[in-house]
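Take this structure, written in structure tokens, and hold onto it; I'll ask about it next.
So that you can tell them apart, the chains are marked A, B, C, D and E in the order they are listed, and the count of residues begins at 1 in each.
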Amino acid sequence: MLEIRGLDVWYRHIHALDSVDLSVRAGEITALIGANGAGKTSLLNTISGLVAPRAGSIELEGSALSRAPHRIVRKGVVHVPEGRHVFAGLTVQENLLMGAYTRRKGFAGRLQEMYRLFPRLEERKKQQAGTLSGGEQQMLAICRGLISEPRVLLMDEPSLGLAPLLVREVFELIQRIRAMGITVLLVEQNAMQALAVADHAYVLENGSVVLSGTGGEVLADPNVRHAYLGAAAD
Amino acid sequence: GQREDGAIRIGVIQDLSGPTSVWGNAVARGAELAVSEINAAGGIDGRQVELRTYDVRLSPQEAITAYNRLVDQDRVTAIVGPPISNIGLSLAPVAQAKGVPIVGSFIDPRVTVQPNGEPWTNMFLMQPSSVQYSEIIADFALTELGARNLAVMYDQTNAFSVSLVEPFRNYVNAHGGNVALEVTYTSDDRDFRTQLSQIQRSGADAVYLPIYIQEAVLTLQQAEQVGLDIPMIGGLDFAPPFTDLLPDPTLADGIYVANNYSDSEPQLVDVRAAYMDMFGEEPINKAFKGYDKILIIADAIRRAGSTEPAAVSRAIARTSNLRGTTGILTISPDNHQPVGLSMVMYQIINGEYSELGRHVPESHR
Amino acid sequence: MQGERNAASTPPVGDALAPGAGVGPGSGPSVGLGPSVGLGPGPGSGPEGVVLRAEGLDKHFGGVYAVRNLTMQVEQGHTVSLIGPNGAGKTTVFNLLSGVNPPDAGRIVLAGEEISGMPQHQIARAGIGRTFQNIRLFPGLDVAENVMLSLDARNRYHWYDGLLRLPAFHREDRASRDQLQEYLAAVALEKYAHSKPAELSYGYQRRVELARALAARPRVLLLDEPAAGLNPGEVEEFIELLERLKGDYNLTILIIEHRMQVVMRMSSHVYVMNFGALIAEGTPEQIQNDPAVVSAYIGDAHA
Amino acid sequence: MYFLQQILNGLSLGAVYSLIAVGFALVFNILKFSNFSQGGLITVCAYIGFMITRTFGLGLGATLALTALAGGVIALLVERVAFRRLRRKNSPLIYYFVSSITMGILLENLITIYFSSNFYAFPRFFARSTVRFGPFFMATTDLAMLGISLSSLLILMIVLYRTTFGTAIRALSMDMNAARLMGINVNFAIAGTFFLVGVFAGLGGVFLGINYTLYPQLGKLIVKGFVASVVGGLGNILGAVVGAILLGLLEVILVGVPGIGSGLSPVVVFVILLVFLIVRPQGIAGIIVKEKV
Amino acid sequence: MGYYLSVLTFTSITVVAITSIYVITGLAGLFSLGQAAFMAVGAYTSGILITRLSMPFLPAVVFGIAAGMLAAFLVGIPTLKLRRDYIALVTFGFGEAIIAILNNTANVTGGAMGLVGITPYTTTPVAVGIAVLAVVLARNFKYSRFGRQCIAVKNDEVAAASMGVNVAGIKMMAFLFGSALTALAGTLYASYTTYVEPGLFVWTLSAEWIIIVFFGGVNSLTGAVVAAVLLGTLPEILRATAEWRIAIYSVLVLLIINFRPSGIFGEYELPLWRSIARRFRRAG
């Protein structure tokens, strides 16, 4: 579905991505893990057009992906950013409306669906998103990405700041998203859970891919277990 | 001083940008015209004249550096000054120290006379000072219009406007009249209806408006709205092209205007034509002043027989009976202001300026 | 003044015994004064052990009761956790404790001194240090300067010393710079001392926040989800780091965390909130087995 | 009686200010900076309107329409030159403010260069300069201005708060990158906003020109829009119009108060401003949303 | 010679004024659209003392600075606690109010007709010396704890307060220090031109100063000073281009802001000025 070849990203003097190759297969969950500062966010930002690469190509179903964020969204590639980035001054419902900006038809129905997923959001639908708690904002951010019925969903640490109960729900949700036929590229620090649901996984270190394979393979790699899963894995 | 064989350099300090740029440009162009005529006629004593024009956009700081530059870098003989008193006030001490004379039309007498009563050696005025000017108008109001109760509206933040009020009040009070009401505005104001209503309710016979042209336009428009309908006497800013600025020239009907010159006087005709030829536009009265400032300087250089600033300055102080476009110019060596200059009075009727002749108060003769 | 600086620059082993040392002005009521000032006789409100106590806190925003009638306390040298579902009001509690928001009702007492109602910076100087859930570093200052800022609050040179570079300035500034290195080293950020926060990844930014809060030498350190954005391996490292710092600086910590790993390993006492109110408290084991907590927060599948 | 007329006069002045304040508040609402280039834009529009009437001899309606269009186009240009690049570089808001002031100075000076050796004024458009209500009157242009600023206010409110596009504009005002991720074409939306700002500048320019004649510093009145929109509750467009009208009323009334007059009215306005902001720091129509930590 | 000296003198005065804006806007992030009014306060206080009471220069300057600080204190007390956006408005209003007061107290200040005949005490060496002093003071301020606190408060008031920074206090300190410098510039100006009038100190002058600071780089004192010298003399260099020069100037500023948004100097400081920062590093 998404083919990334030789992607190079620089921030002034910082080499954030070093000729990264990565494929995301249709209908699968592809997980991307790596330490802080490995370049995961940079990769997602580059795919969604927020960051311009210095070299490399990104193809969606065989044709080059536009570099303008709004066109990328129209192509069905939607990014749920790290750190939520909800529209602080808009109400919860308006935030969701913005999520559906490119697909306004059937908005009302999908809105109800989202509220079913996270009833807390319905309770707060008239509240300004900036005053939501951290976790509530995260729920909103996920829904805002989902509501446009994307074909590829890029999720950057969706479980960040969520209570354990909700973390589990989010991972269930991600699997349900896959079941809906949406392709997912997932960046996660909850490596174990991420790898457990992933069909495919990549490990990023210092801007380069150092390992890839099925979720199970990566999970089984001793280096990964040591570096990313810590004692919890044992 | 400059090399005796080269061109004679004359400096021009004007507001070419900023809020008073219309005047600055007019003075500069008038001066340019005069210089081109002088040069065409063979120059001054065979030497061509060259102008150095600097923009000071109403800033004393810029004026001081421009003056210094004209003196130190360009080595000019004399300088054509702006019609802005504030600039003159900040230049007077500098000019005193550096010796190059400035001929300007700043009407505040403090520009030409020091606090101790002595004239500033190098500052010269070539039109009636604010005192002469307001006395002419006050006298006209009292004698020709027969007004007794007068109102004044002026811009409190504008030195030109303020300087024309006190001499007017003094003259009126001393000559049997009475200034019944003085109202003010600030240069940021665009709405004078409250002030105009106050004038209307004060029962004044006539109102004196020593104000700038933009405000003059607004005043007439708003006076109509308020229904204020007493004679108004305006100053230089009501001179042409004032009526062109009104949405309806008849708004100005019944206004009395003082100007430096008469359109019907023969000396103007050629200059006006040449100006229109050269710049493609109608000259405003500041243009004629720019022209005359050059005439004064050129005359002084000829009489001094030198381009030494000090000599030229001394010669300017003895200018006498020089025929300019704005009248016969004689400068008093005591205060460096012109002597006996009259103003030409007009009344606007049906949007046209109708000349009432030159007016000189008894005391000025 | 001299004493303060010394206390701050040498790793303060004995600080616990002298709660006044190492912090700003007005912070050192003697132990003798401490216990009785404003503290009611309620359970656990007792003696020297309790450094921070909140009583009957209420806070609402419009119709939302973010915190209601909350009473909790933190004892010297302990690590206490505050957990609860998203939106339970945990961050709001931190905001009340650190003076970002004034409580609608209730009192907060720090080492015998009532701090509720004091302006935010005075609360900070009295000894409440914190990090933020959404990282709030100063983008205009580099990492070193971000940390330096916390040290500055304890520097006592005057404006004229600073403007004219009088000896007092040099003396204090040098001392601060020495300490700075220590704090940077504590979180292993020496390499990034002169980077701007925006150039760091999320995880490193969190460390800067931690160093900045540490440098203020708080009596009680409030950490709002410090392990968010770390992978399990990093969480382990983080726990070790925190344990080490706790020993070195004799910290008293109140921590909000969703990573049960951290809560279970570190805390001696856990408070659980939901809908603004406490629903349980106890040792980690008690909490882990409390059915109300399990159903509202942890989820039954959790081991 | 006299007092009632004063109120009408205040309303007239308020109408002038509100036409400026609307455009000012619109930019503040969306891009969160005080757009002082609007002053220069208004001046340029006034001259363009004048050239249009003089060259084609058009009536008021056609002049307004054409000038509004021209204003929109120039505003697009201003946005491109002064702001677009800043946005691409994610510059802090203060830079926009600085850029806008500089742009304003540039526009004013271009006008000075091309037009300053002469004075200009619009022809009279209205047969009657005032509309009388019994013993009271209001200037026809002021009445028209009041009408235009109120109706543009209404249209703006509907667009911003009732349409998806308007919501998108508000969204991008809060987080531009997130807005991009929603599929909002940020450049297009902002250009659209500036076009609107230009349209208001066009309308405002013509009316100001008619009322106050043409001079390069016409745009100085922008500071009244600034005061009104801040007092109104930063970026709140309704508040800006209310603020403008109150400012107009206040100024007119102060001029009539003996001992204050026009001269000292800035002092009184300053004191009132201070007291107002202390008592009601959210402005007239604003609500305080304390940032959540 | 006189010409260069006068340009140098005016530039030095501008440098003092710009230093004040650097402290207030660059460091503390406060937007003062009325800063020129503090220059007026300094200029008029010293000017009146010199002309009316024949006071010598030095005490007149001290009184001028004191008056500027007093005014800043009175404006600052209610204002600095307000929302940041309001500070521009209130200072703007203050500027207008000062001009109105100057215009309405003609018997003391000369009103619109200006205060004339101020003794010309400001010589070129005096102006240059004071400019250097102002820059050194501002640099010391920047690299003291107060400077850091200013930047922190500019970035994030809540976080700064949580680190023990007295937000209102540090803003007041920057405002007082800055306004003292502005008033100082005013006293120099008055005693150089010998003539001041209210119309010189309008808000556009404050805006021009802000532009200059941004041109050089709002985070760099070096940049602010270099820009003051550059933009202060640029109109002089362009003098021959007459009415075009302000347009050229604006285009230049637009270019810099667009293509180097953090100003010519960004965050760069002259090595000399960074000596403190470097020592800082070596300690590590």
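Just so we're on the same page, a contact is a pair of C-beta atoms (placed from the backbone, for glycine too) under 8 Å apart; a residue touches a chain by one contact, two chains touch by 3 or more.
What you are looking at is a predicted structure, and each value in this text was computed from that prediction instead of being measured.
Trainee: Which other chains touch subunit B while also touching subunit E?
Mentor: D
Trainee: Count of steps on the shortest touching-chain route from subunit B to subunit D?
Mentor: Steps on the shortest route: 1.
Trainee: Considering only mean CA positions as chain centres, point out the chain farthest from subunit C.
Mentor: For subunit C, the chain whose C-alpha mean is farthest off is B.
Trainee: Weigh A-D against C-E on C-beta contact pairs and write down the one with more.
Mentor: C-E
Trainee: Most remote chain relative to subunit E, going by C-alpha centroids?
Mentor: The most remote chain is A.
Trainee: Round to the nearest whole Å and give the separation of the Cα centres of subunit D and subunit E.
Mentor: That gives a centre separation of 29 Å.
Trainee: Using mean CA coordinates as chain centres, what's the gap between subunit A and subunit E in Å?
Mentor: Once rounded, the distance between the two centres reads 49 Å.
Trainee: For subunit B and subunit C, let me know how many angstrom lie between their CA-based centres, rounded off.
Mentor: It comes to 73 Å between the two C-alpha centres.
Trainee: So which bits of subunit D are touching at least two other chains?
Mentor: Residues 109, 112-113, 116, 263, 266, 291, 293 of subunit D touch two or more partner chains.
Trainee: Where in subunit C do residues touch two or more other chains at once?
Mentor: In subunit C, the residues touching two or more other chains are 91, 100, 132-134, 136.
Trainee: At which residue positions does subunit E touch at least two other chains?
Mentor: As it turns out, subunit E has residues touching two or more other chains at 99-100, 103-104, 158, 243, 246.
Trainee: Hey, which residues of subunit C end up touching subunit E in the complex?
Mentor: Those residues of subunit C that touch subunit E are 24, 98-100, 119-121, 124-125, 129-130, 132, 136-141, 144-145, 148-150, 152-155, 157, 159, 161-165, 169, 173-174, 177-178, 180-181, 184, 190, 193-194, 212-213, 216.
Trainee: Give the list of subunit E residues in touch with subunit C in this complex.
Mentor: Subunit E reaches subunit C through residues 137, 140-141, 144-149, 151-152, 154-156, 158-167, 173, 177, 219, 276, 279-281, 283-284.
Trainee: What residues on subunit C touch subunit A, complex-wise?
Mentor: 61, 64, 83-89, 91, 133-134, 199-204, 225, 228-237, 258, 260-261, 296-299, 301-302
Trainee: Using the touch definition from the top, list the residues of subunit E that touch subunit D in their complex.
Mentor: Its residues touching subunit D are 25, 29, 31, 78-79, 82-83, 85-86, 88-90, 92-94, 96-97, 99-101, 103-104, 158, 203, 207, 210-211, 214, 218, 243-244, 246-247, 250-251, 253-254, 257-259, 261-262.
Trainee: So in the complex, the part of subunit D that touches subunit A is made up of which residues?
Mentor: It comes out as residues 164, 167-168, 170-171, 173-175, 177-186, 289, 291-292.
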